[in-house]
Structures are given as structure tokens and as C-alpha cells.
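Listed next: structures, encoded as C-alpha cells.
What follows is chain A paired twice: with chain B in the first complex and chain C in the second.
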Partner chain A sequence: MTETTVAPPKPVVVEEGKPQKGWAGQNVPRKEDKRLLQGEGVFFDDIKRHEMGYVHFVRSPYAHARIKSVDVSKALELQGVYGTLTGDEVAILTDPFFELSVPPGAHMKDYALAVGKVRHLGEPVAAVVASTRELARDASELIEVEFEPLEPLVDARRAQDDGAPILHDEAGSNVVWDGTFDWGDFEGAVAEADHVVKIKELHFDRFSSTPLECSGCLVEYNRGTGQWTMYCNHQMPGVGAIWMAPSLRVGLDKLRFVTQDIGGAFGNKICLHPYFVACCLLARKLNRAIQWTEWRTDQHTANAHGNERWFQDIEVPVKADGTLLGFKVRAVDDCGAFPRYEPLGCIIWAQVTPGCYRWRNIRVDFTQVTTNKSPVSPNRGYSRMQHLWLTERIIDIVAHELGLDPVEVRKKNYVKHDEFPYETPNGCIYDSGDYARCLDIALELVGYDQLEKRRAEAKSRGKLLGFGIGSTLDSGTNNFGQSMILNPELQFSGNNEVATVKLDIFGEIVVTLGTVPQGQGHETTAAQVVSDILGCSPDDVNVRPGHDTYWNSHAGFSGTYASQFAVTGLGAVKGAADMLAGEMRKLASVVFGCSDEDIELAEGQARIKGNPEAALPFMALGAILNANNAGLPEDLDVTLNCRYVYRPPFEKPDVERKYGNLTLTYATQIHACIVEVDPETGVYEIVDYAAVDDCGKRIHPQIVEGQVHGATAQALGAATHESFTYDADGNLMTPNFYDYHVPHALDMPPMKNGFIESESPFTPLGAKGMGEGGGAGIHAVCAALQDATGKTVTESCNPYNRVWELLRSEDGHVEVTGR
Partner chain B sequence: MTISVEVDGTRYEREVDARRLLVHFLRDDLNLTGTHIGCDTGNCGACSIIYNGTLIKSCMVLAVQADGARIETVEGLAEEGELTDIQQAFSAHHALQCGYCTPGMLMSATALLRGNKSPSEEEIRRAIQGNICRCTGYVNIVEAIKSVSA
Partner chain C sequence: MKVEGEREFAAPRTTVWEVLNDPSRMAKTMPGVESFDVHDDRHWTANVKIPLGLGGLRMSVNMEKTEEREPEFAKMAIKGNGVGAVMNMETSFHLSEAGNETHMKWEADVHLLGPVASMGQRVLQPIVNQQVTHVLSALEKQVQEAQAS
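After this line comes the complex of A and B, so read on.
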């Protein structure tokens, strides 16, 4: 057997769970690293085909315009140009993508290329294919498109005004979906309250995770079978296929998705289907492999932003002792030009309806509208992050207005450790956790007991010091039944994931996954789980990198999204490995002529318990069944190739009451930060930062910690600089990394981490999904800025100029009524 | 025009368009796909290489300018499959997740450590500030580089 060395545990861990037996729980070296460190990973753009053609999309220079004509003739005359595709062709060759929402959203028409009209800057209008990237770009400039500009709708709050421009004429409205969520008794809570805190408006800004690898694919069309193969970085092929196949008027089996290494996705690579359909049409039309690599500017302009959301007319009934009784809010969600995945965001926030708190009376009027901006898609923390920002803003604004301590008000209102499993007002079951303990660790890590001393010291230097907390939940493993709350006609519910584990002829253990990893170390953690069950080392387990439809190890919801691999992905791996272990014991028992209960798997062998001499190496088992099986009993039901579908225990929700368990696990992140603001300039620095995470059992603590670092960095970027800002004409002001400033190494504050492990009672390994985080960094920075400036922070993104304005602004966003 | 370039110890002669970027020359013409592209504007650093001993972003140079140059990429760091100290440190410290920024990050770290065997944390952060990573928050990248500093 080969040796696996274990990296020393990191000293930052504050509190460990139970001592580990076996490989799960240890920081084994990542299997992915060796290739990635040598530039030997295979990302889609690394793949080439003979005589392949490069696509360049002709994109709209307007936010909103009618297309009067498209003329490709001059481009086709250029030598080296292979062909073109226009919206008119797309309208003939494909059907619009299916829409998730009930009307009006159901009537919105969305095609691979703009048909008749463009609805956002950068929307693809035509495509051209040529022999090189440069030539395709040249040719795109020869395509003449005549536009008739229309008035753009940029501010979602105007979407329902009389006379507002309508994006989708077929829908007759800019509203995608609206609904009221009403749980408990809000009026009763107001009557019981001593104070009602009213907040006029809060705004959660647009940003995205901007994965460093842009989107793309290499598409081959097989004329003989009518099948397309897409070497790509789509992170949710199951749903991608459901969108693409009906649009292309083919069966699902005509679409093969292949991924290996993906340069980050964070949800932003879920809605690639319009581009992929265009590439599929071109591959068929031109009978040639088609390569599309998105340009960075196009990724920022026209792929996928995170949802922008306005929260208006918030009312919060509070008792004199600081007990929060509930809240009421009107939410206006801006999904950009096309709804795509987004209507689900109208419901998904409800996974964390009360945030971390015990308030029971909650009413949310939710409306999603289209605007002439980039479409949005899931983005790390998707939809829950916006809602959790609201709940954290409410807590801090209430504390600020009523003179309550933000630590104490949290501890008073947090769901208590002994209340788990805790049922929320809308029927979700929080599985486990200890929020107050996590907060205590975070406070200790930032040195909270020295806060006032530091505040005074900062003041002596002319700086304003502020302290803030972000308490969030990372809800993982979706119950897709929540889509029925959106649209009762949708036939989606539950969830699933697939893995196969086989023992091959030379004793190789081979694992395939249905998931689509993008840096989360699935090969490594799957090998840990398999090696513990089969009694070998992770080095003996070969986990195939990436995803391939041809492996047949996927199901309807396969993919890597929504913080679930440790539950669904590893649940499937565990199931398949358990099946294989049973088969290996059975085969060995036949060989030895004993009961399979007498066989144990250990040290790469199947052996008789208490008699290590009677041992068959895995190689012998693999060889016997696969190549030397004459004489085996006829009724021996052993394949040594096991496929398992993990299906979490879910019921369909009550659609009328919008009630039910929407996710299986709830990981906790409690962050605390200290900022120093220069009151003259608005420039501020995060001088201390702590992130405490509880995701149940950690299979690989180092990977968990890495996810916490990454989620925190993205949240801090969103809190401080990252904003997809549009001007009044719908032009994006931040279309690349010059103007859209993501954190660089010098921007990151020193980060302290703590972990506790509250195992989930509901999952195969006690693990919870994690990785997205709940945007805790945004919430913590907003709270700290409010503490430092004494002004109500109403924006999620607070660059220095906004803080400067905040310091000079009149407050007046909040009103307190009461006895 | 025809250019002659040495990349990771191998000499290549190729006909290139005058407007071909060096990074596209490496990736598309030489099929050396270890060097990555993450932006159109020279901000992200995924394409960082060492060019006649100096760290550069290969998307900011034309292939024709590289005629006669000696280039080192991530693909030439390990010798006979033996990872360098900095590559090993990246793995030990979990300094890479998706691995897309990693080639550029490794070249920046390699260039730093050649000129400065014991950089301070500030110097490390300054040396990689031209490399964007969206996965790690740089925490473990800085730790990895620190760990191989003298």
C-alpha cells in the first residue's frame, strides 16, 4: 500500500469535534494539486480540435433597443470566416427556453440570441465563426446591425410605474413573479410590542463572484448520431440539459456535458445555456468543432450578476427587553433582463426566513422585476445572502436606535443551542448549531474585551473605530419542492446525487461522481470516504476528475451548487462504497467458503476476521470477478461496480401556506470585524477580522477553512468595492477588473478563524454543506461602519466615497414609534 | 514573421501574426496550456511568466516581441516530476482551490524568492498583488510563500 502523509493540523482551530478515526476528518494532500501545480490541469479552453472554429458574439451597444436589421454578408466575405448565426435563424431553429415562473414571467421569451429586441448592454445579437480568435473578432465588426434605441429601465423601483418601459411585450409587465409570505401574526406582534422600528429602505447591490476563468465550451456535433459533446465549465449540467434539449428540440441524451478542471464558478456558471445553444447550432450548421471562450468584459457585461434587491417599508416590533417579535418588509428583486434561474430566488431566501433568530411573526411581500441590465444567476450565497443582510441590518439598526448592545441583542434572540432541531415559522428545520458559542469565539478572536480601549486609542489618532457582527446560515441541500411555491405546476421536488464505485481487474478502485467540482477538492474528500469504508488508503482510490454524461453517474439535480457536496455528493459516494464493500465481502466469502459476516476489509485486503493469513488482496477479488469467474455460483449477485443515488428525506411543501422544510442542513458562520474610518476622507481599513464556522463534521478541515477564507474574501470585496454600477442609460460602469475592483493580496485584512462541529443529525456523515457562506463579511462590515460613523448604513456596498457621503449625510432613514 | 523562442528549455520556431499576443502564442500555437488567461486587461496575472529573468504578464506582450527570448512557465518549474519547494508548499498549505490562478501565482512567487530569499509578509503581498485569486482570499498563498522563505 502507498503512504499518505497528513499535513499538520492548522493552529487556528479553536474547538475541535470528536477525535477522528480513519481518513475522514484528516487533512490528506489534495489529489487535484499535483496536476494543477504543474499547469497540467485541463480546463475547457485548453482543448483543441482539428480545424475548429472560434466564435465571437456581436453584442448590443444599447441597454434597450429594437433590432431593425442584421446584415452578415460582409463578414462572410472575409477569408477565414466559416459562418454566422443570427437571431432570426435562432427563432426558426429553436424554441424559447422554458420559464420557471407563473405569468407574467411565464410569458417572457428568452432565446440563445436576441430576437427582435435587445434588453441589456452586451446581449448577443449574432455570432460569427472564424479560423482564429482574432479573425472572428475582426469579422464581428463587419456584421452590420441597425438598432432603434428605446428608453431603458435601470431602476427596479420604477418597474411598475405607469409609463415605465416594458422589456418583454409578451408579458405586458416587468413583473416576473410576486407573492406574499405571511407567517405567524404580524399585527398581533405589533400590538404586543413596546416599540416599532421603521426603516424606509435598504439596498443590496449588484456584484458577482467573477470566477477567474471565464465561461465557455468546445462543442462537437456528431452528424451520425445527432449528438453534441460540450467540453465546458457548466456547473449544473442536469438543469442545463433540461433547458437546452427542449429548446433544440432533441432528447436529453443528445447532450453530453464533459468537464475536468473548472476555474471557479460560484453559481455564475449555471446559466450558460443560451451561449451553449448558439454554439450547438453553429457546430451543426458548419459541421465543425466550435470553440467559445468568453472575454472578461463580456463576463462582466452579459453573463451573470448576483441579484440586486431593494427592501422597503420595514417594520420591526420589539419588546422593551430587546426581544424581537418579527418583521415586515416589501422586497423588490431586480433580476436584470431575463429571469432564467432567478424566479427560484423569489423563494430560496425563505430557507433562512428568520436568519439566526427566534422571531416568529414575519411578512414579506416579494416582487421580482426585470430591468435593462445583465441577467442574474445564482451567486455564492444566492438569495439567502440578500435576506440575511436584511435580518442583520435590522438587528443592528434596532440595537442602534433603541440603545441595545448588538452582542446582547443577538444572544437574546438567537435560536438556542438546546432548541435544535428548530422549526422556523415557515416550517424549515434548522438541524443543529450553537450560534452564541460561535459568537463568543469570534469575540475572543477579535479581542472584543479591549474594544473600548481601542476605540479611545483610535480616536486619539483621529480615527473612528467601529465594531460589527455578521451572523449567518449557509443552508445546503435544496428541497427543489420549493419551486412549487413559485409555480405549483412545476414537477420538481426533493434532490439527488449519484456516485459509482467499482473494483477493477487489477484491483483499482475507481470512483465517478455526478458533481462538477470547481476547486472544492471532491476527488480528495470522496477518496477519504471510500478508503475508510473499503479499508485502504486514499492514494489507492482513483476518483475521476470532473463530470461526464457518458459515465451515467448523474441524475436530475447533479451539479456543484448550493452548498451540498458533503451531504449529497458524499452521501452518494458513501452509499456506493458501502454497496461495493458488501459485494467484496460476499465474493471473498464464496472464495473462502465462509459467511460474509466473517470477512473484514482492511489494509487493501478482504480477510477472515481473526485470521490475517486468510486474505485476498483487492487485486485478486477484481481479477476473479472480472476475468476469472468460471465456477462461481450462478446466484452470486456481485458486479463490483456499484451505483448509488443519494436522496435526502424531503416532503413536498404546503404551497398555500408556503410552508415546509426547504433545505436539509444549516451551517453557521458568525463573523466579527473591527474597522477604522478616516472621517476626513471616508477611507477605512478592516483592522481585525474573525470568521467562525460550524458545518458539522469536517471531512477535510483544511478544505473547509479554505472555503471560509474564500467566501469571506468575496464578501469583503462586495462590502467595500465590488459593484456592477449602471448609468442612467444602462451602460455598465465596471465592465472589467480595472473598474470592478476585486480584493488583491494587499486588500485582505488579517483573518482569524475558529471552528466548532455541531454534527447534523440528518446527513449520512454528520457533515453539512458549506462553502457559500451567508455573506457574513458584508453584514459585519456594514455593522462596523454604522458603529464607527453613527449613521444608518442602508447600502450593502460601501466604497470610501459612500462612507464619506454617509458621514456628511442627514440621517432620517429610521423612525421609532412606541409606548 | 518567424520568431524563435526558448520556452522551458525547448526552442521553438514559428510563423506568427504580428498581432498575436504572447499568451495566445504559448497556449494556442505551442499548446503550452499551463499558462492561463483570466482577463482582457492585464489585471489578473493568470498569464504571468518569467521572461529573460523578469516576471511579466504574457498577455501584455506581443509574440513577435519575444523573438529570441528565454521564457519560463509553470510547466517548467518541476524537474522530472519533482515539485519545487514552492509548489510543494502550495499543496501543503492548501494555497490553491480551483487552480486557475495558480500558474501565475507560482511564477510571481518564484520570481520573488529568486530576488529575495526572506521576504516579509508585506513584500510577499506586494509581490502577488498583480495576481487575482477568487478562491482563497490569499490567506494560504501568503502562508505557503512564507513557509519556504529563509
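After this line comes the complex of A and C, so read on.
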């Protein structure tokens, strides 16, 4: 049994893998917590430099407008103002950031500051640097920008209409990317079906995750070497450098990213390159350190949102017994004003094409368009969350329309435990899992067998009770070859991560990571893995905090993103620790004059098996090699400083068929939710909630549980209140915490957690990436609201007013045809 | 955002009309006016600081009288520019005689863009209501002064 937030009334069945000796699997104290809890963490905003300047961005009040003029002269007259930067300067000093898409998206031009036009509310138009943050903000009010307003485009569904405003004139279209994904035989499935359920339209709302720490950086420019150093919270510096260096017309090595602690990053700290380039230009122009700390309202308004998506003309062929044969859908994805990380979202969803189900015949027409809204970036659960919400909505709507039990429909159609590894219709390999078992645990946790009794009791109090399920997958460890499906000219495939492990002169074990931790406990879990291999305590392992691209070894896909650290990061750590263990045994065997196979590592020593007295402490090994090495054999190939690059086993996908294994692991989340709705007001409360997770081998169960809590909070926020809503003029109506309500502790329902461990057969430790959560909670709430109200829920976010409207709406969203 | 209302003034219609068309008197009715310039009969500009939450929103406001039927009707187009905020407003009034008094029916269509608009109607509406009350009270005072003189 695992710890739960609220103890369930009876013991929870939690199935564990085989008990293993060692540190992995134990809740050892987190190495990071001491400094964080004592306020001794170092975040970018803690870094100060003599006479540094503070930057403030002048932002567009228009969603769409031409820039007629920018006049910075009055700001420059203000005492304490060091300088300014305008879009005209940016256009001269930099090249547009490269685009990942084929045309028309490839022709869209994206600069650090708006050049010629603004395309969303809050887009940076100019920047001013002053001696204090407040003065910079005051000075920004003296910069005069003349705009010529243009008609805004805020509804993605209108983006391809004749006469629709075009955001990027160079592209001549609002379409970033479009294509059809067709697997199996959809027409054959329709012919075989007893019913076809047709759903007009579903809408996944625009929202984002909310890090405690806003984005920012302190940038220094070294005129002697032409190098920039950025103390920052960029969560994916490798990719950031690939965007920034060509734009700044320098080599990658001229950009140094340094992070220690990052106050949360959920994908919204991946696309910071426009701001960082502006700061780099200012640092060079003004010859002083430049600091940018994003204001919270700017973070909401203009940093990065999650993808908004419309699903239209959905058709689902179904057998009379509830067997689902496939589905067809037209998806319109709204990526906001600039593609940036897009169009990767146009393929990422395909990692989980059939969701948890055995659908074999699937057709998706996918179009991504720009609109006059904030650009998007890979928000936690990126692109899969939207698609999995669709697959789950289909299950409940079909069950509702055909009078079937949603629990039984799921169990009938889930991929079965004995079918793993399971190949999906588009060639992805689901590694392991037991969805039905997870669902059973979730049902037990919320007392599903008492549901009707609770429904009657709620009714007696005038409340409508509803029950809902969310079944999702957290696909982790990307095969970047999937980008070639979108653009065959992109030279990306596979994945990699790197770590180094060394034994120092005093016997200290030092680990460096290629990843950029943002609070996930990498130092702790890496130490657990290393200590198991080297036979010591995690306390003996020093994992260097943070990441410095100059000094941390890193690979092409290094970083912390897309649920992959437990596979790639720890895979690299394991590889490097295995190498070091081999070298330590070899060195000890030379000292003892025996075979290295006779040496074991245990209790901080290298010793001869069966003869514990013949032992060398690690300190002795470190000292011998590093400081007392005379007489060692010339051919002794030992450095005690090992670097390992983990490369997951991937092939390049079949671009023509859009087919291949797109990710290595698939963690499971099955959530169950019970709500009570006030039919008079639409106000509802989540009165019971269970989250069951299967991420294979758990290295640190408490960290896993923390991630489950976080992902659930994210999902519940998205389901209940968090929505970036725009008016017809492109004004964001929810730009701050007053209108954009992020759940806090008191908003969270009592949560019950369960876990099973289906170890992945494909990963070094049997672990799977996890933490993104797949948005199971979003759907669990939607399904519970549908169950309570009896109305088809078509929106992913359902604040009280929307539920009130739902209760009073006509239900005409679904049509069922039967042979 | 549309706002509208009606008001009675204890003064003849010609007096109310004169006040409403006298830039120097109207300047005294506007909240937070820091400067006011009359360019001609139809064009005025003002720099105002609109009270808003913890701070004030400074705006440069251009006003143009677009329609006029003395002594009963006038319409104005007002454009304001501030940091991160743009305001477009069309406002009009009808004056009718009600015995010795004057009845004014007015309306304004306020269009806001930028972060201020993003604050949402539930925040802006009370501020707008407060400012409208302030303007109307000030207007009444100006009418009383004009009547007295």
C-alpha cells in the first residue's frame, strides 16, 4: 500500500513489481530539498551584476496591427535609461528564427521583436533598459508607437475562410501545416459496424501551466570572445541555442546557458528564444549585463499557451456489443500567432493515436493554423492531452448514446494486459501495462459499488451526482524522427542523453547530468541509481545541481521534457556508473593481483569476493589513480571519469505511411472522479477523486506521487476554471490570477492514489517516463459532468457558468445511425 | 462596452447645450484632466490620468465632434492612446425640453484594446460607472454655474 493524501476506508490494492534490494524504489530524502526549504536555492533572479540594466518590453495593445512608427527619443532622455531596442534594429541585426514546417508555415517570419506588424496582444514591440526595473517600466511609457489596426483573427475555424485576415503575408495563408493520417480501413469499419455515432464538434480549450517562477535571464556579453552567458531558466537550452545562434549569426558555442534551480517549467520555458535574443542584442549594444524578469501578467498574456484544438465531424463505427472499430475526425489546431515549436504538435498526438484502446481503423485530417493569440509551446501533456481527451470523449459519448456502461465499454476495448508489447495502427509499440487492472483499483478507491446509493443520497439534497473516468497515456522518450513525417527535410531522428560519473581523488563520486532539472528530483534519483551500481549510499554521491552548457556534457536532445528522464537521463547515468564500476574493479584487480571478476563493489569499497578484509576504500582507488599512479601498468585503460551517451532503440519512421514507433514508453493514468452539481447555479464540487498510475519501475515512489499530484492539479484546473478566453478583438479576457484561476491546495479534492508497476521491457531500469499525466483528470471531470447533467459535454473546460448553460441547453451534438 | 442613461437638469435646454459645447467647461467635468487644448470648434485634445486600481492610466485623448443639431443633438468620436491601452469611444446626447427643465438622454459605446481591456468587464464596469457618475455630477455643477451666471 502506498501513502495517500487521504486514507481510503479500506486498504488499497497496490501491485508492486518484484521486491529489489538497493536504493532504487526507496523514498530516500531528496537531495534538493535542504537548500530549497532553507531558501538557499539559486534561481536566475538571484544572480546580480555590477551596474546591470533591467529590461522592460513595450508590448502591443492590439491583436493585429501594422506598426507605422516607433519613437524611443523621449525614453532615452530620461535619466537612468541606458538604451533601447526596436524591431527595425532587430531586423537588421538578426535573421528570422528557423521554422520547422514545410510551406506555408516555413515562410512565416518570426523575430525577437515585432517587425512591421504585431500579431497578438502583448507582442513585444520595443525594449528599454534602465538602472532599475521600475524605471525601465516607467520609461517604456515614453516610447511612442503608432499602430494601424487590422482586423484580427481569433477563431481558428475561420482561418481558411475567403477573406479571413492573413497574419503572415509572406506565407499567404494562415495554415502552418496540414495533412491526413489514415491507418487501417475506415470505410471497411463503417461497413462492419452496427452503428455509426456522429459528433458535430468538440473543443479543447486554450490553457497553460503556471510555473511559480516566471521566465527570465541575466545576460552578459564578453566583447573579447564574442560570447554571451545567460543565467536563466530555459528548460531546453540545446534547442534554444539552435534557434538563437543562427538568428544572431554566431556559432552555437558562443551561447552559454547556465541554470541551477528553476521554479517549474512545463514546456512554457522552451520557447524563450525571442526574449533571450533581444536581451543578447541589448547586452552587446549597451556593453552591460542585462536582466529580464517576466511580469506575471506578461507570462499569462504573451509567453506561451497550450494548443487549442477543435475536433469536427467525428464519426465512430461501433458494433452492437460496444466494440469500437475506429474513428474519423477533422482536427483544427490553433497555435497562436507564431509556430515556434510547431508544427510538432501536428504529429506528437500520434504517439497515442488509439489512446488506451484497440481501435484499428483511424483517419485524422489535421490542420494547424495561426491566429491573433499568444503563441503556444509544448505545455505539459503536449498535443497528446488534446487527442486523448478526444478519444475519451468518444468513449463516453458512444456509451451514453447507445445506452452502454462506460466502465464496460472501456474494459471491452482497452488493450489487454496479455497483448503487450502492443503495436498500434500507426506502428507505435505500447511497451507494457494493465489498463483494466488500473481501472479496477480506481473504482475501488472511489467506492464505485456504492455509486447509485450516493447518487440517491445526493439527489435527496437537491444535487446531481456524476461519475467519470479518464484513461490516458503519458508517452515518453521521443523518437525525433517523427518530425520527418511533418517535414522530410528535417534531419532529426532518435534521441539521446548523456551523463558523466567520476571517482575523485578523495573518493568522492561526482555525477553530472545532461538534463536541466526544474524540480523533478534528478539529483536524488541519479544518486539512487549510482549508489546501487557502485555499492554505496546515495549520500556518498554528489550530483551537481543545475546545468551549464559550457561544463556539463550534453547531447543533441539533452534536456528535461516529454517524460523521459527516468529513461534517457537515468539510462545515461546507469551507463556511466556501469562504466565506472568496471574501471574500479579493473583498478582494484591490478592492485590485488587478481581478476577483475573477483572484485565486488560494496559498502564503499572494492573488495575480493569472499574475502572482505582484502578491501580498498573508494578513496584509495581515487587516490591511487589520480595521485599515486607510478608503477601502474601502461595498458591500464582506466580514467575513473566516465561519460556515457544513452541512445534508445529507434528506427526512422516510414514517412509515406506516417508509420513507426514514435516513443519508447507509455505510462498509464486511470483517474476516477465523482462530482456533485447544483442544478440551480451550475456550481459543482469534486467530492471524490482517485488517480492510479503505472509508470513501470518507480525509482523514488514519493517523487512519482508528487508528479501525479501535480499533473492532477494541472488537469483539474484545466477542467474547471483555467481558460485563456479572447474577445472578438483579440483581447485576452483572463490575463491574471483574478480571472485565470489556478487551483491551490484548498481547491484540490481529497485525492486517493494507487500504483501498479508494469516494468518496461525496453528501458535500462524498467522505468517509464512520467509526470505529464496525459490530462486524465480533464476528461474524468467532463465525463462526471455529463453523467450528472445528462447533457453532452463538448468543451474541455467547464467553469460553473458553462455548466449552468449546459443544464439549460438543447442537446443536439450527436447523431447515431444504425444499419 | 455600451453605457447609457438619462439625466434632468434644472436649466433651459440652451444653457445645457452651451455647457456641453464649451470645451473649457467640459474639461472641468472630465476625470483626471492634466491638460486640455482646443484646436477648433470640432477638435479638442486632452491628456488625462484615469484612476485605475492602484495606479492611473495616462492617456492622450483626441476628441472630434462628428455630428451636431443645435440645440438637441451632438455626437463625438473619441480616441485615446495610453501605454498598453487604446480606447475608441462614440458618444452622443439628445436634449429635450421638459417644462423649465432639460432632459438629457445619452449613450456611449466604449471600445477598449490592450491589457486594460483584458482586465475584464467585471473590473472595468464599476470603474466606468464611477467615472460616469463623476462626469454627470460635474456636469450638473457646470450647468448650475452657467445658469447662475
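One rule holds for everything that comes next: the second predicted complex is superposed on the first by the 805 of 819 C-alpha atoms of A that agree within 3 Å, B and C clash if a C-alpha of one lies under 4 Å from a C-alpha of the other, contacts with A are read in each partner's own complex, and residues count from 1 in each chain.
We adopt the following convention: contacts are C-beta pairs under 8 Å (C-beta built on N, C-alpha and C of every residue); 3 or more make two chains touch, one makes a residue touch a chain.
Quantities reported herein were computed from a predicted structural model and do not represent experimental measurements.
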Partner chain(s) touched by A:Gln786 [first = chain B, second = chain C, both, neither]: neither
Partner chain(s) touched by A:Tyr738 [first = chain B, second = chain C, both, neither]: both
Which superposed partner A:Thr86 touches (first chain B, second chain C, both, neither): neither
Partner chain(s) touched by A:Gln520 [first = chain B, second = chain C, both, neither]: first
Contacts of A:Pro61 with chain B and chain C, given as first, second, both or neither: second
Partner chain(s) touched by A:Leu121 [first = chain B, second = chain C, both, neither]: second
Comparison of chain B and chain C by chain A residues contacted: B
Partner chain in contact with A:Glu141 - chain B first, chain C second, else both or neither: second
First (chain B), second (chain C), both or neither touched by A:Thr297: both
Chain A residues contacted in one complex by chain B, in the other by chain C: 297, 736, 738
Chain B-facing residues of chain A, complex: 7, 27, 29-30, 32-43, 45-46, 48, 132-134, 209-214, 261-264, 266, 293, 295-297, 518-521, 702-703, 705-706, 709-710, 712-714, 716, 736-738, 742-746, 748, 751
Chain C contact footprint on chain A (complex, rising order): 58-63, 121-122, 140-141, 147, 149, 297, 301, 727, 729, 731-736, 738-739
Residues of chain B defined as touching chain A within the complex: 17, 19-20, 24, 27-28, 31-41, 43-44, 46, 73-75, 77-78, 83, 87, 90-92, 94, 96-103, 106, 124-126, 128-142
For the chain C and chain A complex, residues of the former touching the latter: 58, 83-86, 111-115, 117-120, 123
